[in-house]
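Next come two complexes, and both contain subunit A; in the first it sits with subunit B, in the second with subunit C.
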Partner chain A sequence: MIKIKVKKALVSSRGPFQINIDMNIPGKDLVTLFGPSGSGKTTILRMIAGLTVPDEGLITVDDEVWFDSDKKINRSVQERQISVVFQDYNLFPNMTVRENLRYALQDKKDEGLINEFLEIVHLSGLADRLPATLSGGQQQRVALIRAFLRRPKLFLLDEPLSALDFEMRLKLQDEIQALHERFMIPTVFVTHDLGEIFKLSQRIFVLEEGKISRSGKPGEVFGEDMLSGKFKFVGNILTLEKEDFIYIVTVQIGNNITKVVATEDEARDWRVGDRVLVSAKAFNPIIMKV
Partner chain B sequence: MMALDWGPLLISLRLAVVTTLILLVIGLPLAYGLAFSKRRWNFLLESMVSLPLVLPPTVLGFYLLLLFSSQSFMGHFLEKYFGVKVVFSFTGLVVGSVLFSLPFMVNPVKAAFQSFPARLLEASYALGRSKRETFFQVLLPNVRPAVLSGIVMSFAHTLGEFGVVLMLGGNIPGETRVASLAIYSEVENLNYGQAHMYAGVLVCVSMLILGVFYFLNRRAVQIF
Partner chain C sequence: MNKLKGNISGVQSSDNISIINVDVNGDEFSSIVLEGKKGPSNYKIDDNVTILFKETEVGLAKELTGLISLRNRFKGVIKRIDKGPILARVIMTYRGNTIESIISSRSVTHMKLKEKEEVEWLVKTNEVTLMKNPA
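Then we have the complex of A and B:
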C-alpha cells in the first residue's frame, strides 16, 4: 500500500495554484495520473521520486516513511527505491546500451538479467551500440528495462510514450503491461493521453488544477461501462460535414482516418480538432466527445 | 652560435605539467561547486577565480610575494613548520601558476557542467547512484571536450607565463628561470641568437599543442 498525501504551491502559466492530493495505491496496481499539461502531474511524480520537496505532507510505501513534513523525514532520491522512466528516455550518451543497463544494477549478481531483459524487448543485437544510434522507440525500451533492472519498489512513468509514433506506442504499451504483469511492481503512470489509460491502468486519478477531481476504474471515470463497447479508440475530429439530416465525421485515430456517422443532435457541440472516443458495439460505431 | 641551454625550457615544461595536474585535481571540484551551488556568495568566488584574467600578472605576483615572503606570517609559518620556501623557488612558481591559470581550467568546465542536462543527473540519482558516482561516470565523461580544453589552455598558458613567475620566482638560473624569463635575460644581455632560439621553440611547442587540440576537438564534434 502506497499513501501519498502532499501539498505544494506552484506557479503555472495561468497563475499560482496549489497541488493538494491524497491518493492511495493498493497492492501492486498500475495506476494512472491523468490530466492536462500544467495540472501538476509531473510535479507530483517528482515529489514521490524525491526530486522535488513537497511543502508539507506524508509519503509512505508499505511500512517505510519516505517523506513526513511533521517529523522532518525526507529520504533522498537514492534512498527511495524507485525507478523513473521519463518522456525523453534519459539514456547516458557516453555508455553503450549494455553499460546503461549495468549502471542500474544494485547487485552484481543481477548481471545475467541484462541479457534476459534485452531479449524481452527484442534488443539483444543492439547491446553494444551507443544510445544516439538507436531509434526513439528502441531508446525508450532500453530506458524501460533499465528501470526494471534497478529492482524498484515503485515504478514511476512520466509520459514515457509521448515522444513516440502511434505504432511504437501500442507496442510499448504491450511491453509495459507484460513487464508489469510479470514483476508486479506498483506503478504510477502519468499521462495526458486517454488512449494509454484505457489499455493499461487498473485505476485512474484525474487531476485538475492540482486536485484530484475523479478517481476509479477507467470505465467508471469515463462512463465507459454505460457503452459496453467492444472496442474503442481515441482520436481527433478532422472534418464535420453535413449531408442531408446526418453528419459525416472524419476522425484521425493514430495514422488511420475513419468516417463515422453522427446525428445533428450529437454533432452540434463538436468542433474540428475535438478529441473524441470512437467505440463499436456489435453492429454500429458510437462516437462521443471526451 | 652557442649551443642552446635547454634548462629553462625543461623548467617551463615541468612547471606546466605540475600546474596542469594540480589544476585538474582542484579545478574540477571547484567548477562543480560553482556550477551547482546555489549559495548567495557564490559570485564572489566566481569573481576571484576569474580575477587573473583581467589583472596584470605582476599584481598577482606582487601580492603572492608579500604573502609568502619570509617576513610575513604565512611565509614564516610554512618555512618553520614545513620547511617549505615558496618565494624564489620552484614551489613558488607552481603556486603562482596554479592561481594564474585557474580560470582557464575552471571556466570552460563550469560552463559545460551548467549546460549538461539536469535530467540526466536526475536519471542517475533515480537509479540509486550517489552524486560522486554520477560525477565520475556520467557528468565527467560527457564533458570531456571541455576538460580537454581546460587542460590544454592551462598547460599552454603556463608555458607562456611571465609576470607572476618573475615576481615570485626571481629568475634564478636552474631553479626558477623558465623559458620566457630566459628570453628576457638573453635580450637584456644582447644575446639575440639565444633569445631567438628560445622564442622559436616556445612558438613551435605552443602551436603544436593548440594545433593538436583543435584537430582533436573537430574530430570529437564530428563523432557527436
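Then we have the complex of A and C:
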C-alpha cells in the first residue's frame, strides 16, 4: 500500500493554486493520474520521486516513510528507489542496448534478467546495437525495461508513449501490461490516452486544479458503467463510409477490426482516429466455438 | 440512436436477469438486462433513465392484428421518408419525440408507407439499452 497525502502551493499561468491530494494505491496496482495540463500531475510525480519537496504531508511506501513533514523526514531520490520513464528515452548514446541495461542493474546477479526482459519486449535481436540505430518505439522499450531492471519500489511513467505513433503505442501498452503482470511493481502512470487507461490501469485519479475530483475504476469514472450494455469495448475509428442513410464505421478494438453501423446524425461529428465506446446488449452477439 | 427519457416503473428479477419497465409519458417500455438478484441492484423504482435503441432495430407495422411477442409497440406518425436504393429512413413523431427507423426500401414500397400516415413502431425488449441519468 502506498499512501500519498501532500499539500503544495504552486503558481500556474492562471494564478496561484494548491495541490492537496490524498491517494492510496493498494497492493501492486497500476494507477493512472489523469487531468488537463497545469492540473499538477507532474508536480505530484516529482514530489513522489523526491525531486520537489511538499509543503506538508506524508508519503509512505509499504512500511517505509519517504516523507513526513511533522517528523522532518525527507528521503533522497536515491533512497526512495524509484524508476521514472518520461517521453524522452534518455539512453546513453555511446553504449549498446545491452550495456545500457547492464548499467541499470542494482544487483549483478540479475544479469540473466536482461535476456528475459529483451524477450518480453521483442528486442532480443537488437541487444548489440547502439540506441541511435533503433526506432523511437524500440528506444522507448529499452528505456522501459531499463527502468524495470532497477527493481524499483515504485515505478513512475510520465506520458511515456505520447511521442509514438498509434500502432507502436498499442504494442508498448501490451508490453507494459506484460511487464507489470510479471514483476508486479506498483506504478503511477500519467497519460491523456483513454485507451491506455482502460487497458492498463486498475484505478484512475482525475486531477483538477490540484485536487482529486474523481477516482475509481476507469469504467466507473468515465461513466461507461452508466450504460446497461454488457458488451463494451473502447476502440479507435479507422474509417467512416456512407451508405444510403447509414455510416459503416470501422473501429479498431485491440488487435481486432470491427464494423459498426451508425446514423448520419451520430457520425457527423466523428473523425478518423476518434476514440469511441462500442456497446451492445449481451443478447445480440452470436458466440461460437472455433 | 433513438433516445427517450423516462422513469423506472417496475423491476422483475431472477438471479441474473431483470426486466425493467420504464414509464415514458404514460407509455410503458420494457428492457431486459443481465443484472439480477445476485448483483447490486442498479435499477430502482422511480430512477430517472434514458432508453436507447438503434434505428436499425425499430420495426414498423400497419394494420397489425393478432398476438405478437414484442412488448414495445407504440403509435407514431410518419413525418418524412428518405428512400435510398437499399435502405430507407422513416422519421416519425411520437408523443413530441422523434423516432427514426431504418428499414429496407423494399418494405417501404411493399407497405405503401406515406408521410402523415399513422403506423406502429416496434422494438424488441432485448434491443433496448438503459442509460442512467445522473441524479
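Keep in mind that, in the parts below, the second predicted complex is superposed on the first by the 227 of 290 C-alpha atoms of A that agree within 3 Å, B and C clash if a C-alpha of one lies under 4 Å from a C-alpha of the other, contacts with A are read in each partner's own complex, and residues count from 1 in each chain.
What we mean here is this: a residue touches a chain if its C-beta (ideal position, glycine included) is under 8 Å from a C-beta of that chain, and two chains touch if they have at least 3 such contacts.
If you're wondering where the values come from, they're calculated on a predicted model, not measured in any experiment.
Trainee: Applying the document's definition of touch, where does A:Asn236 land relative to subunit B and subunit C: first, second, both, or neither?
Mentor: Touch partners of A:Asn236: none, neither subunit B nor subunit C.
Trainee: Answer with first, second, both or neither: which of subunit B and subunit C does A:Ala49 touch in the superposed model?
Mentor: A:Ala49 contacts subunit B only, not subunit C.
Trainee: Mind working out whether A:Thr133 is in touch with subunit B, subunit C, both or neither, as first, second, both or neither?
Mentor: So A:Thr133 meets neither subunit B nor subunit C here.
Trainee: Quick one: is A:Ser37 in contact with subunit B, with subunit C, with both, or with neither? Answer first, second, both or neither.
Mentor: So A:Ser37 meets neither subunit B nor subunit C here.
Trainee: After the superposition on A, what does A:Phe245 contact: first (subunit B), second (subunit C), both or neither?
Mentor: A:Phe245 contacts subunit C only, not subunit B.
Trainee: Taking the touch rule as given, give the residues of subunit B at its contact with subunit A in the complex, in rising order.
Mentor: On the subunit B side, the touching residues are 119-120, 122-130, 137-138, 141-142, 224.
Trainee: Which positions of subunit A touch subunit C when the two form their complex?
Mentor: Touch list, subunit A to subunit C: 226-230, 243-246, 261, 263, 266, 279, 281-284.
Trainee: Using the touch definition from the top, list the residues of subunit C that touch subunit A in their complex.
Mentor: 1, 31-35, 42, 52, 54-56, 82, 84-89, 100, 102, 126-132, 134
Trainee: Can you list the residues on subunit A that touch subunit B in the complex?
Mentor: 49, 51, 76-78, 81-84, 86, 88, 90, 92-94, 103-104, 106, 132, 146, 150
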